[in-house]
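We call the chains A, B, C and D, going by the order they appear; numbering starts again at 1 in every chain.
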Amino acid sequence: MALRTGDQYAEKLTKMQPNVYVGGRKITRDDELLQPAINTIKFTFAAATDPEFSEMACAKSHLTGETISRFTHVHRSIEDLMVKQEMTRVLCRKVGGCIQRCMAADALNGVGVVSKEIDDAKGTNYHDNFLKFLEYYQKNDVVGNAAQTDVKGDRSKRPHQQEDLDLYLRVVERKSDGIVVRGAKAHNTIAPYADELIVLPTRNLTKEEGDWAVAFAIPADTEGVKLICRVSAPRQRRELKAPFNTYGMADSMTVFDDVFVPWERVFMCGEWELGARLALLFANYHRHTYCGCKPAVTDIIMGATALLAEYNGVGNASHIREEISELMVIAELVFAAGIAASVKGKATSSGIYEPDFLYSNTGRYLAGKNIYHEYDIMAATAGGLPATIPPEDDFLNPEISEYLHKYIMRKPDVSSEKVHRLFRFVSDFSCSAFGGVNQYAGVHGGGSPIMEKIGIRANYDLEARKDMVKYLAGITD
Amino acid sequence: MALRTGDQYAEKLTKMQPNVYVGGRKITRDDELLQPAINTIKFTFAAATDPEFSEMACAKSHLTGETISRFTHVHRSIEDLMVKQEMTRVLCRKVGGCIQRCMAADALNGVGVVSKEIDDAKGTNYHDNFLKFLEYYQKNDVVGNAAQTDVKGDRSKRPHQQEDLDLYLRVVERKSDGIVVRGAKAHNTIAPYADELIVLPTRNLTKEEGDWAVAFAIPADTEGVKLICRVSAPRQRRELKAPFNTYGMADSMTVFDDVFVPWERVFMCGEWELGARLALLFANYHRHTYCGCKPAVTDIIMGATALLAEYNGVGNASHIREEISELMVIAELVFAAGIAASVKGKATSSGIYEPDFLYSNTGRYLAGKNIYHEYDIMAATAGGLPATIPPEDDFLNPEISEYLHKYIMRKPDVSSEKVHRLFRFVSDFSCSAFGGVNQYAGVHGGGSPIMEKIGIRANYDLEARKDMVKYLAGITD
Amino acid sequence: MALRTGDQYAEKLTKMQPNVYVGGRKITRDDELLQPAINTIKFTFAAATDPEFSEMACAKSHLTGETISRFTHVHRSIEDLMVKQEMTRVLCRKVGGCIQRCMAADALNGVGVVSKEIDDAKGTNYHDNFLKFLEYYQKNDVVGNAAQTDVKGDRSKRPHQQEDLDLYLRVVERKSDGIVVRGAKAHNTIAPYADELIVLPTRNLTKEEGDWAVAFAIPADTEGVKLICRVSAPRQRRELKAPFNTYGMADSMTVFDDVFVPWERVFMCGEWELGARLALLFANYHRHTYCGCKPAVTDIIMGATALLAEYNGVGNASHIREEISELMVIAELVFAAGIAASVKGKATSSGIYEPDFLYSNTGRYLAGKNIYHEYDIMAATAGGLPATIPPEDDFLNPEISEYLHKYIMRKPDVSSEKVHRLFRFVSDFSCSAFGGVNQYAGVHGGGSPIMEKIGIRANYDLEARKDMVKYLAGITD
Amino acid sequence: MALRTGDQYAEKLTKMQPNVYVGGRKITRDDELLQPAINTIKFTFAAATDPEFSEMACAKSHLTGETISRFTHVHRSIEDLMVKQEMTRVLCRKVGGCIQRCMAADALNGVGVVSKEIDDAKGTNYHDNFLKFLEYYQKNDVVGNAAQTDVKGDRSKRPHQQEDLDLYLRVVERKSDGIVVRGAKAHNTIAPYADELIVLPTRNLTKEEGDWAVAFAIPADTEGVKLICRVSAPRQRRELKAPFNTYGMADSMTVFDDVFVPWERVFMCGEWELGARLALLFANYHRHTYCGCKPAVTDIIMGATALLAEYNGVGNASHIREEISELMVIAELVFAAGIAASVKGKATSSGIYEPDFLYSNTGRYLAGKNIYHEYDIMAATAGGLPATIPPEDDFLNPEISEYLHKYIMRKPDVSSEKVHRLFRFVSDFSCSAFGGVNQYAGVHGGGSPIMEKIGIRANYDLEARKDMVKYLAGITD
């Protein structure tokens, strides 16, 4: 059984070179600022051996036959795709948001497929590199990130047209034993507390852009890597402890300042024709994953909305019931699109399954279009209290604590503590930097709605629909 | 092979007792007013032997092993559910709208499941009746309808509370050889040109309402049955012939004026406890079917919109591209929900599979909420011409025909005839009684969005979502 | 008092040269096909002397001091703008839709303003022509149309780039006594039963397009004019007479086959620089008018929805109440935008007031975006009956009439006739060619939402908003 | 001239009794935690004498003839209503959000009207109290709050049905020289740094609820008053100073622990019949004000969105242009509704004008429904950076500052500092507790959309709309 414990994971982090920057300081990876984020990852290790989750959360390695974390697995069947989606929903519910380890899994699957396709087309040897890396990854129950999004500079220009060529990460030197890369990847969730960084291109590339066609994996503390972070977590609690407030995340702008990558860790280097394939395939896996995690967010918003209504004594108000039904519809349409993407999934030449791009994009699109709307529904039901509830410290101040408990009461059979806990949860979930970050993540994580629309259009047989109408209207070309 | 031809079907209609009323007259079933509707049904017979469709459009009877029309089949697997949905989409595209024969198939499946469940619970013998009827239905490639919706009178009252007890169809007499029923079923598509009427309850029932718990099948020209119709079809063409304009439909208010039904054709009689089960199960099958037909309607609207833009010379206008993408999203979310409903489908005690109620409802809901929006998108792209295009007769008037052809021109490489054909199609599709009827059908057919929302809520584990939030917030009951 | 009666108006129509084509025939203007449309116009004459409406429906001529129809008036104040909007709403409610005579009034105002501006800029004499025409128009209580929209050919090309230069109406000859024009104007409501056609350009023009910069007024039966029509009216009734079904309209494609226009009827000829000004100014007036008529349509849809709910016995259902509130919001936001456009209106050099373009466009935009949504709300409340209700003829057939009356009953205290009347009204309003046409009119009449968005953007000080943010963010350029 | 300076205002605050609680501490009103909030109020004093704003920001007292702050004025005309709305928009733009002093002005207007109406009905003397208070308020350029919303307990119960009667503020004792009140008011923006609290009822009341029908004004540091606060302000800056980050607000739960109010400061006491009138009239004024402030928020979101697109090099992308147009439409419809409310405003018996309730509610409703949607538009254009941008401290860390500046670059002609400033502004505006609070304020401030819908329905003549349809359909009762 190739499973680590959360403590083993955290322990290993402490041994890494310090290259993480938070709030103006360079920190070591045991800094308390990273604890909420690390707690989320620890939960993924715990889930693997928790009977409630282990069936989903583990898989059997097709390389070694060993029991491994599903987060280190590649999809060998439609069933694998379906379980991945289901697991994502279930685990996200328990931490109240992003489970984070899916990103690297999605990157692995993408790199696995495309390294094989490059080899098939070019006679290269990338897929062997990949398989060796995968075996290492599975055996050591590695935590990886996916470093895809370049900082991108002027959005109206292509990579090779930027004034500063480093605005998309690129190869600056090819050596006998490896390559040297320079650039920066943005929005790198999990990177500051990951073991490995998995790097891949962000977009389609032209023949001038071979240097930008690069994919590889390296330890997160490799020389030349700098992780400049923004930590996001719910407000910490003094006494009103709650599971939600123990979790968190951090994103980094990950700078690659002439970083050396040995050849055995390179999965693409120069094959610009397959840049788009890899970029979109990762997107496909990741959008499919969103069809699992985003319904979990909706589950939480829905549960909070229903509980707010119940505690307020208006649990049966028809307008609230309608809004909650709206949340159900959103959650299940997104989830259904993920199921359809799985069911219509196909095996690639590597034996890895990819979900149907049209459906993974459609599901992610709907999720992205609705995240603010969902917060709106919760806010509308909550009333203004999540915005104006005095901080926990006031509830602990004996001079005024009694007033706060007296006046927060709603239905007589719900204690003031419960009301306090619920509204503070909603406040932390929505009237907080963390809430704002999650709104942005809901829009942009895995690709913005506008990107999915482009993806949907590109994969839709519109001509066939025109032909249907020509037939019905009696138009012959 | 138990397949009829369209001509055999039409020929049999001519032999039926005249009990169809259209436009103030009692007509025989070969009246030309019914021709467009009959053409649609004929197409379903043609499809069964057309290599393009036959694989989907046929199935193997589990009773006889014979090849039968899928419209006479009951679902024996998840695969059956998926093929039914796919077939529905494909066939609807070819007639430009409702394929109609699905309704009876959905009713058969519902009656098949529930007749068994009643027998299991009550020791009755309905399922044998059903199987005998099904065998007859399959062998003779029968065209049936589903007569479900009662006229319902005062919507704030239950069936037994109505001032006129006939406002929901009911048993008025039980005899040794059969039962006598009275009432009327509304919105009965296909009934005026069907062989058989399949009747089932419209809602949940209470113990006072045993007389309303009745399901049966009888020939459509049984004594006492009156079919009072509204025919809906695109405007007929004089010279500008087009496939779309050859099809149509008719709905009837079907009056049962003390109609005798022999016991062997009765599938439920008095078992009010299972009224809701049968009503909702038919709804479930039918909403699942909508997840196939409704995307076909969207396909047509999408194709027309794209073609309008192309002919107008604005095929690449970004705002139109966005709208078309919206249509893609709607079509595929509805379809995805249908797939999810199939994949999560379950076998019943009868061996017949039922789709997952939550997903069939979610898909149908989205379709119903968007039908007017889709017409809006098409209209916005079309401009005003579908509303003001002079009738075909003017195009045939030599005094003005040349003007019309001169001034209808758009892009020089698209002939005026093509432009004329497209805009007349769109006009017939949307600026017509037929278009209005299809908008209503899009909202209400198979159950209105409000009904689906109720269905979704009733089948959703909201308490589990509240519990997720209680856990995260640290609330213990 | 310069007011005609409806009969005087209709009488004059009979004396005009027959150049109207309907359904393949050339007809005279007393043809019964035009009667519903003519009835609508007759109502505008009746309203002028009806105490309920006359205060709004009349104005005092600033030329003669006489009492005139407000439909022949030009706006001399903000008050005039407000009363015009209010009157439009009130009168449209009474005919169940478009009151039609506003279009010419909007054209007159536009031509009045711009003819003066051309004279000011170019030293021409158009405004005198206008004033003489206006005096004639007022004295004779003339019914005019506004012929603006060209047929436009390839939408990606400008007028002078079309393969056929006539696809935008243009001057083909300039003579000493007048000009000769050729082309066709589309979607010309009221033209087939108007006294005069008022013609104006449809868009901005370039210096190559002087020939397309032309505005004038001529009698509708001038030689060379052909009015090829589509008549739109609710289904006619045999016995179940109702005001709604007595009204209607007709649109023509109006062909100008080398039509001579004397100079005294020309208001612009060659001044391409002011083409956009006139096109947009007419649009401005007409969109402002829409802020009156469109709320009337919403009033009717709202009233029908509320009555449907009441008769069905679900008048207090919360989801229907919410939908009706939505209709209230739409109606009043559109109306409020019209008020704001009036209040922010400004006098032009001619002394005529123009409404604020931003607000007239914003109001019209919202109306255009919602028309299908409003039909949706009505349909959702109505249920399927408007789509499947058998024709009036069946209700008159003694063999089945009793069944229909028995089974259409809803609440016991609402007679079957009332229910019949209401559902037939809703069916005629929405499940009819007339309904489809009104949906298109709701989207495109007065300019499509996309045109209003363009208008809004063009008139919005976005730079000022950027500057606000620069200030707040501390960005100095 | 009765105008104070900001410093005079702040100076006076320091002399007040400390009864403000923030973050677990009791503070004095010169605590730095309150500075951002106080800065906003100071700006209102500065505006009164700033030539850019003074014409709007000042008014002439109808009591003394002196020049006073418009925030201390009551509306004596339609013009006053219009200027108030316009001023609100203009001033809110400068502080990047709520200008706060409007609330007390709205309360004053409400109390002014209703105190007169009570006197008229009951022969009481409240209006004199009001006028004396108003004169004091104007002469001293007072800063007031409006304490309306009770904490409300069980929302399914009325005030007198609550288990704890104090859950709505009430009179617990009537004395010869005044009254004693107990309870708490929630969401009291400005209260912790206001001179005076103006208290009024939150809802309609029944005859059992005379004790809850109470309105009065008292100094904010009156004995028994406790202000338990939540401070909301953008993150403070170390070096990257920006106006936006200097402003803020604080809300309090204001506890009245048996507070004595002298009779001359009481404006209502026991007249439950007018409770609803006063509650709704304040709501009316405040919703009208929202028709000014909310468009300012949209202005800022719009400007930020446009600037983000510009800096990103996609300023002309069509999908962004469409979204910005959407923001324009929202802003101007809300503003138009405010104009309509002013224009349709009416004088009350006190001589004070009240805006039209239907339009003020319609405008506020639209604003409340769209606030999350607007944040969504901004976020969609911004991309993920506002969520992941490292804190200012990292930009000040010389070890990594250069990387951050290098990789934040977008268009080459926009400096990294400008990009940094813009994205930090957007991050502070939306990925912050302050942003979340403003979302809630946008939904609930001045009354939630659901409250406005109720208000709209209650004031809408739906019966008249039914009658229109009855007429058109030929239904006679």
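Quick note on the criterion: a residue touches a chain if its C-beta (ideal position, glycine included) is under 8 Å from a C-beta of that chain, and two chains touch if they have at least 3 such contacts.
All values reported here derive from a predicted model rather than from experimental measurement.
Over half of the residue numbers at the chain C-chain D interface are used by both copies of the sequence.
Superposing the C-alpha atoms of chain A onto those of chain B requires a rotation of 180 degrees, given to the nearest 5.
Farthest from chain A in terms of Cα centroid separation is C. The distance from the centre of chain C to the centre of chain D, each centre being the mean of the chain's C-alpha atoms, comes to 41 Å.
Averaging C-alpha coordinates per chain places the centre of chain A 53 Å away from that of chain C.
Centre-to-centre separation between chain B and chain C, using Cα means, comes to 38 Å. Annotation for chain A: residues touching 2 or more other chains are 319, 322.
Within the complex formed with chain D, the residues of chain B that make contact are 318-319, 322. Against chain D, in their complex, chain C makes its touches with residues 93-94, 96, 240-244, 299-300, 302-304, 306-307, 310, 321-322, 324-325, 328-329, 332-333, 335-337, 339-341, 343-344, 358-359, 362-363, 365-366, 418, 421-422, 424-425, 453, 456-457, 460, 462, 464-475. Within the complex formed with chain C, the residues of chain B that make contact are 21-26, 149, 151, 153-157, 163-164, 166-167, 184, 186-187, 226, 228-230, 232, 251-253, 255, 257, 312-314, 319, 371-373, 375-376, 379-380, 382-391, 393-394, 396-397, 399-400, 403-404, 406-412, 430-433, 435-437, 439-441, 443-445, 448-450.
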